[in-house]
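These notes are about the structure you will find just below.
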Amino acid sequence: MTPIIRTLILFVGLTLAATVVGFQVYADQPAEATASAEVTYELVYGEGQDTTAGEQTYGTVEEFMASAEYVKFMIDNLWILIAAFLVLLMHLGFATVESGLTQAKNSVNVIYKNVFILTIGILSYAFIGFQIMYPGDFNGFAGFGGFGIGFDASDPVGMLTPAYGEEMTIWADFIFQAMFAATAATIVSGCVTGRVKLPAFMIFGTLLVAISYPITGSWLWGGGWLDELGFYDFAGSTLVHGVGGAAGLACVILLGARKGKYEDGKINTIPGHSIPLATIGVFLLWIGWFGFNGGSVLSADPAEVSFVFVTTALAACAGALASMVTTQFVMKSLDASMALNGILAGLVGVTAGADVVTPMSAVVIGMFAGVLVVLAIVFFDRMKIDDPVGAISVHGVCGIWGTLAVGIFVPEFSVITQLIGTVSILLFTFLFSLALFGLIKATMGVRVSDQVETDGLDVSEHGSSAYPYFAGIDIIRSTSEKP
Amino acid sequence: MTPIIRTLILFVGLTLAATVVGFQVYADQPAEATASAEVTYELVYGEGQDTTAGEQTYGTVEEFMASAEYVKFMIDNLWILIAAFLVLLMHLGFATVESGLTQAKNSVNVIYKNVFILTIGILSYAFIGFQIMYPGDFNGFAGFGGFGIGFDASDPVGMLTPAYGEEMTIWADFIFQAMFAATAATIVSGCVTGRVKLPAFMIFGTLLVAISYPITGSWLWGGGWLDELGFYDFAGSTLVHGVGGAAGLACVILLGARKGKYEDGKINTIPGHSIPLATIGVFLLWIGWFGFNGGSVLSADPAEVSFVFVTTALAACAGALASMVTTQFVMKSLDASMALNGILAGLVGVTAGADVVTPMSAVVIGMFAGVLVVLAIVFFDRMKIDDPVGAISVHGVCGIWGTLAVGIFVPEFSVITQLIGTVSILLFTFLFSLALFGLIKATMGVRVSDQVETDGLDVSEHGSSAYPYFAGIDIIRSTSEKP
Amino acid sequence: MTPIIRTLILFVGLTLAATVVGFQVYADQPAEATASAEVTYELVYGEGQDTTAGEQTYGTVEEFMASAEYVKFMIDNLWILIAAFLVLLMHLGFATVESGLTQAKNSVNVIYKNVFILTIGILSYAFIGFQIMYPGDFNGFAGFGGFGIGFDASDPVGMLTPAYGEEMTIWADFIFQAMFAATAATIVSGCVTGRVKLPAFMIFGTLLVAISYPITGSWLWGGGWLDELGFYDFAGSTLVHGVGGAAGLACVILLGARKGKYEDGKINTIPGHSIPLATIGVFLLWIGWFGFNGGSVLSADPAEVSFVFVTTALAACAGALASMVTTQFVMKSLDASMALNGILAGLVGVTAGADVVTPMSAVVIGMFAGVLVVLAIVFFDRMKIDDPVGAISVHGVCGIWGTLAVGIFVPEFSVITQLIGTVSILLFTFLFSLALFGLIKATMGVRVSDQVETDGLDVSEHGSSAYPYFAGIDIIRSTSEKP
């Protein structure tokens, strides 16, 4: 394990150092910073509305705070911050659902991976990701606005008032986006669980979050070529979830299945170790999704945010029920983890169009997602694509479905354009992942030894067990065989 | 198990189909919908206040958004949405506390039931429940405003501005109420756990949420006869929690006790399988309760919402401590699950009067609830009413207490009126439940076989275990007896 | 166990009685209370800003509600309430992380202690703590404003409008502060776990929350001598976390190490019983910390609150990564619980200066905290200070570091003043704790018997197990030795 540790130290240390240096490139300003620079504030009521009711010039933040526009800005900004902590709640959801749906002997490893990717993800997003995703004027394919968060010290008033261009300060904008950033890599974490080498995942996940995700993100949300084409993905069915699924698929292909999963032509079920833990995860994901989708309104617009809450919830419910019914037909069982995956499928599905589909369409989109997720899980199993938590199906397949559904259910959008956007983003991600994870495989290897996999990654790699005081079923079996 | 599965598929499928059809009855409008219809907006500051400071006419949503009233509307609406996700957090609380307080062998079943009832509950509330509960002008006993959420496509401006009649859009109103709706049935899920047939619970729970709960709800919150009588139940000590307890009692009577619970005149304790899981549940319920009670202010009125937070928290604390002390006297033990139930008892107790009792009264109400819940649990056990998680005591008994307490502690309200309201709602619910669950019992049966119960519902009905990698204590015992 | 129970009943009963009496000393007023008293409202935009844009006189709450200032007040007040429920989420975080990081046989005891200290803490804070911490004009060292929350019945308008002196009603101010109060004692609960007598902890924890914590708190936040000196501790690196660590250290010194922790000159590792449970705890603490730090802005000021979110998150991330790297060097392992502690270390570290340090400094402060926490845990272990969950290191050591860091990283503050404040508060707390816990030790004893400790506090003291259906590893071992 020594070379692994050495690689790890080197990598994490370098990343941290780079982050620190990156921050120093620009001079951060504390919140109190006020300057006398003049700034123009365009009064915009509600994201996506054209009503520019006036123009106002402020010299200081205090002047802005004494204006009538200030109070609306407070609410919009506050909602984005609330949405940010809700998306952080989703990361706890990912950690618990991925841990719960895998074996007990790999629980610590799952959690370690998720803690790492979340924290390095936020830091690297502060370092380079944020300004790759939102580079300002750029060629539409890839740009870079500079290191750091991009607080312009020469215009602090602009950074903290609506002159920044959204209904929020630069800090609120950053923290909300940063919480999103690690999501894609966390999805991959679920796919590769149980047999991936820790440093291999760490390097791959970090570069996915820091480079690939913000590049494809810039194509739409950064105002790139897909935005100009008319592609629509409200909160990221493709840009976030699809990306995670595509990257996960590439990694699983290179990594291979867990030992004993596919033997003698049979598909063996390796059940998750704690359904209650997975349940906690799925409910937290649902709750956090109100921030994920609701915050993507980018304001506290009452009509839009409340509408998004309704479509999000209805799709989650329809997804769960449709998945329950489908599981009956396909698997002849009342499987709880499939019901839970159905909730997630509905949520992923509605994410692309949560603000533009009708509630009725949200139910239908969620239902289809709930059916699709079951069929996709069965399909990938038959293809011997071993995805322990079903993340490729939940996030990848339902992400694609949700993005296309916007073109199907909303007359203003074109299915063809939706297809172009989905394919181009997922293909880029898939090829990036194949190349990067392939390179790692060729150099340091991506898979643990058979012995480590059999013993479980917790004891082998982390030297500890998630539940050291409980007797495993295997120990029991050997014990009871003894007499 | 085949006929069970067939029934299930049929039922869920039909419900889903009905929901889809129901939605199509009315034309949903996306959030962007704006029309030129004129609408009158009465400026109401703070729910329950008479200060109507003016009248304003808006032609479009944009016109409203440019008005001074818009910002206050934004905050009120945002708070209702936050309260909605907090009530969803309570459903995770219910799933974990009910799962934690029952046996490990029935955990998956508990979770499956709760996922089902939450998702079907929200969908059926969108289909018919919301407009049964708030039918508009009606006879005061039962009414129906029509299928669907009731978005009036001919008046989109009215639906998205204060003309709707509350400080929120129709979407925010619906999603908050929908999150409440499944609560009553989730409480029943706890009472019947460990021996109920899954389809029997599914059918019962769905009809309770879709029909019985909104009918009794309409009597007060829908402006029915109890509202006119002067009955007061702020956030639902009786309307939500009492209803769950009364329905649970009816079901338990028809269902009978778990095997081995009452043997040879002795009352055996069947402990919950995970105190930490139950703890997570109770804390999440408490946190969510700030949305349950705080959101019931139906605005972000600073005085009222902050006051409700204080009474809610003080009652929870007093309930926990009183329950700890009472448990010492009655059970001679430091039982953690009773302390947790004490928190819930205090919360249920203060729910009816959280906005009208003094903080001092909130402490006293919580204390009594904490004492009551212990005595009630002991009482029902002596009556051989087997309620595995104590839900009848927590939600039923303390719900009644809380509703009556409004009459006792607040001079403006009458104990007699409170009694009339409580009895009529709970009696209706009890009889409805007795009839419906009786009918199910007579036709398809409500109880699993002895073998299924002994083996646990998880393995028997779901074909899987909640914790497949951990050794159960029973296995150990037989092992240690072997040599 | 009978004398223990008797002491307990007496203590809890008396405390409850005292609380009830205490409340009656002042007349509580329900939220609706309005009076005709005139009140002056100074328009303050944003805490810490000097912009007093005007003065306004209101006769009733309704008059205030019709004013332009009302809407801003609504948002500020709402954010404080949201922050309050987030801090309650932290208490669930504490319960789960402390339970997860200790042995399974003491889980129920940990949870019981935490439920008790949280609920008695809030009640006693309502009874006396709030008005010790904020006594009004006082000598700067210790004062008392009177029993109860301090709602002035002769000036209800003042209590519910900005005349109260903050951007919130008295109720919002109280509930936010009350949620903070129990934190310090909950930290102690983690330190003493596994061998402390329940009533000893109960008495100690209650008096710490009710008396010691608010006295030292008044020195700064109550406007006492440290406030006048220029000491700065934004959200409580020292005032809350340091206090918990110092009290915990005193208790552990008097209590001694767990049996078998230090034997024959060796330091034995006693691992936590559930890493997933600890993970849930740490993530919830992080999420709640956005309320802990963000709410400490005491308004919804968009610039400040969003800035605090960014510094808080960056420090947490840097703490986790630095702790991961340090653990490699020091412990040669990929320990997940140390990574989790690194998150907490970063959060504790940034708490003192979250609103005044730059994002770059927040990263550095978090990194150092992540290194420090690992070294401190190793150090205390070598000193035979047995702190099962590492709370003294996380909250005490990193709390000191964070407070001093304000003096190091922010030119406006002096390291010397920061040192004076930190030392005086922690010394007072340490001596108070030593004296009180020493007195308890001398009279009723603080430590359970060896037998109780070996069997675990759950079965011995509570008569129940946290996981009664799962086989423990010890049982297995003895079983497998038998044949």
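Letters are used for the chains, namely A, B and C, taken in the order the chains are written, and counting of residues starts over at 1 for each.
By our rule, contacts are C-beta pairs under 8 Å (C-beta built on N, C-alpha and C of every residue); 3 or more make two chains touch, one makes a residue touch a chain.
This is a predicted model, so every value here is computed, not measured.
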* Structure fact -> Mapping chain A onto chain C via their CA atoms needs a rotation, nearest 5 degrees, of 120
* Classification of the chain A:chain B interface as same or different, half of numbers criterion -> different
* Structure fact -> Per the C-alpha means, the centres of chain A and chain B lie apart by a whole-Å value of 32
* What are the residues of chain B that contact at least two other chains? -> 68, 71, 75, 78, 82, 274, 280, 467, 470-471, 475-476, 479, 483
* Structure fact -> The residues of chain A that touch chain C in their complex are 5, 8-9, 12-13, 15-16, 19-20, 23-24, 28-32, 61-62, 65-66, 68, 70-71, 73-75, 77-78, 80-82, 84-85, 88-89, 91-92, 95-96, 99-100, 107-108, 111-112, 115-116, 118-120, 122-123, 126, 149, 160, 168-169, 171-172, 174-175, 178, 198, 274, 277, 280, 461-471, 475-476, 479, 482-483
* Asked: Which chain A residues qualify as touching chain B in the complex?
  -> 45-46, 48-49, 51, 53, 68, 71-72, 75, 78-79, 82, 86, 103-105, 271-276, 279-280, 283-284, 286-287, 290-291, 294, 300-310, 313-314, 316-318, 320-322, 324-325, 328-329, 332-337, 339-340, 343, 355-361, 363-364, 367, 467, 470-476, 479-480, 483
